[in-house]
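Can you keep this structure in mind? I'll have questions shortly.
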Amino acid sequence: MQLGKIVGTVVASRKDEKLEGLRLQLVKYVDTDGKPTGSFVVAADSVGAGVGEVVLVACGSSARMTQATDNKPVDAVIMAIVDVLEIDGDMKYVK
Amino acid sequence: MQLGKIVGTVVASRKDEKLEGLRLQLVKYVDTDGKPTGSFVVAADSVGAGVGEVVLVACGSSARMTQATDNKPVDAVIMAIVDVLEIDGDMKYVK
Amino acid sequence: MQLGKIVGTVVASRKDEKLEGLRLQLVKYVDTDGKPTGSFVVAADSVGAGVGEVVLVACGSSARMTQATDNKPVDAVIMAIVDVLEIDGDMKYVK
Amino acid sequence: MQLGKIVGTVVASRKDEKLEGLRLQLVKYVDTDGKPTGSFVVAADSVGAGVGEVVLVACGSSARMTQATDNKPVDAVIMAIVDVLEIDGDMKYVK
Amino acid sequence: MQLGKIVGTVVASRKDEKLEGLRLQLVKYVDTDGKPTGSFVVAADSVGAGVGEVVLVACGSSARMTQATDNKPVDAVIMAIVDVLEIDGDMKYVK
């Protein structure tokens, strides 16, 4: 998984019918210091995460392993909201 | 998923038989400001999107989760046409 | 899918038994102007494509969705020979 | 698989229910000299590895092939702890 | 698939039980001139390849399509030993 921060939302009315009701969030990837890496992904939300939250994103077929995304044409899912990121004994991030 | 803009079409008469009738679009990836990132993908179209439209592209096995692409040898699909892209409260893109 | 040009062939006598009879082509990826991007892939051929032809390559599990590659340990397949590539109304490539 | 070194932990209370009880480790990728490459991954732990250990990480759908990760929305798993890394007859790393 | 050269071995005693008996080789990726690209992968061996040999590596779910790797948590497999690499009529590599 990668670390990311939700910065926005994508709205699409014309889409594959299986995507109906699925929230698509724009997630900027961040490094272990919380700084944006410069790349981003549009991910389906399976945990009710909102703008500003630091999250984990799973990509590929694993993105379809949540109840919200099962069998759907999405290749990225937010599957966890990060509470604490601890590196070398340092609390790098606390929600 | 990644954001992209459809810029063209690929025509192929000699191809895997399962691809018959499937439209293949050339999509240039764009960043959150709508600027081309420099890379592109040829994606199957599952939503009737046309040249000039900003779309979402799903890659990998998830590209086969639409009715149009089920079980077919394609690794990228256009599964949504973007209406609105909102970042940090800004309407970055409105169709 | 990515665009590529077949430039050569890989011969391997010692290999997974499922690969018997499968042709492995060396494909250099090209951009939308037909210029090599600098990277390449060795892909299984499912359409009888030959050296010099511009083709589409599908990667990942989708590479196993052709009759020639079903269930085989290959992660890239040539699944179409490009006839026409049209971008912004320009015929960028015609076979 | 890629080589990595476990440097920390990610704690998430709000997450997909299938992730309950799964330990998420922060792994910095290293090269064959053990030097960090600059990129990292958050991986599920299937072997009881701890901070400081050099491990192998499998990504994509293969990350779901362990008992700990079966069917879960994770795209990276620690599936081995490295004892010895031998290159060109040199013991590059011994645990 | 990518071209690579086997340069070493990874030994791991603590690992997912399905990996028991599977040989893990360190493969440096090479370009079409046989020069190292700078990146590498740890791949399961399904063909009895040894150090110094030029091989093909399949990644992702396709890495599980050999008898040796079926259903196992590995994302890269050596599935062929290269005998000949011919590009533009040149024998770039002969074993």
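In this document, chain identifiers A, B, C, D and E correspond to the written order of the chains, with residue numbering beginning at 1 in each.
Operating definition for what follows: a residue touches a chain if its C-beta (ideal position, glycine included) is under 8 Å from a C-beta of that chain, and two chains touch if they have at least 3 such contacts.
All figures in this text were calculated on a predicted structure; none of them were measured in a lab.
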{"item": "If a chain touches chain A and chain D alike, it appears here", "value": "none"}
{"item": "If a chain touches chain A and chain E alike, it appears here", "value": "D"}
{"item": "Equivalent-chain rotation between chain D and chain C, CA atoms, steps of 5 degrees", "value": "145"}
{"item": "CA centroid of chain C to CA centroid of chain E, Å", "value": "20"}
{"item": "Geometric centre distance via CA averages, chain D-chain B, whole Å", "value": "32"}
{"item": "Where chain A touches two or more other chains, by residue", "value": "59-61, 63-64"}
{"item": "Sequence of chains encountered when the ring is traversed from chain C in the direction of chain E", "value": "C, E, D, A, B"}
{"item": "Interface residues, chain A side, partner chain D - complex", "value": "1-3, 31-32, 46-49, 56, 58-67, 69, 77, 79-88, 92"}
{"item": "Partner chain D, residues of chain E touching it in the complex", "value": "7-16, 18-19, 24, 26, 40-43, 51, 59-61, 63-64, 71-76"}
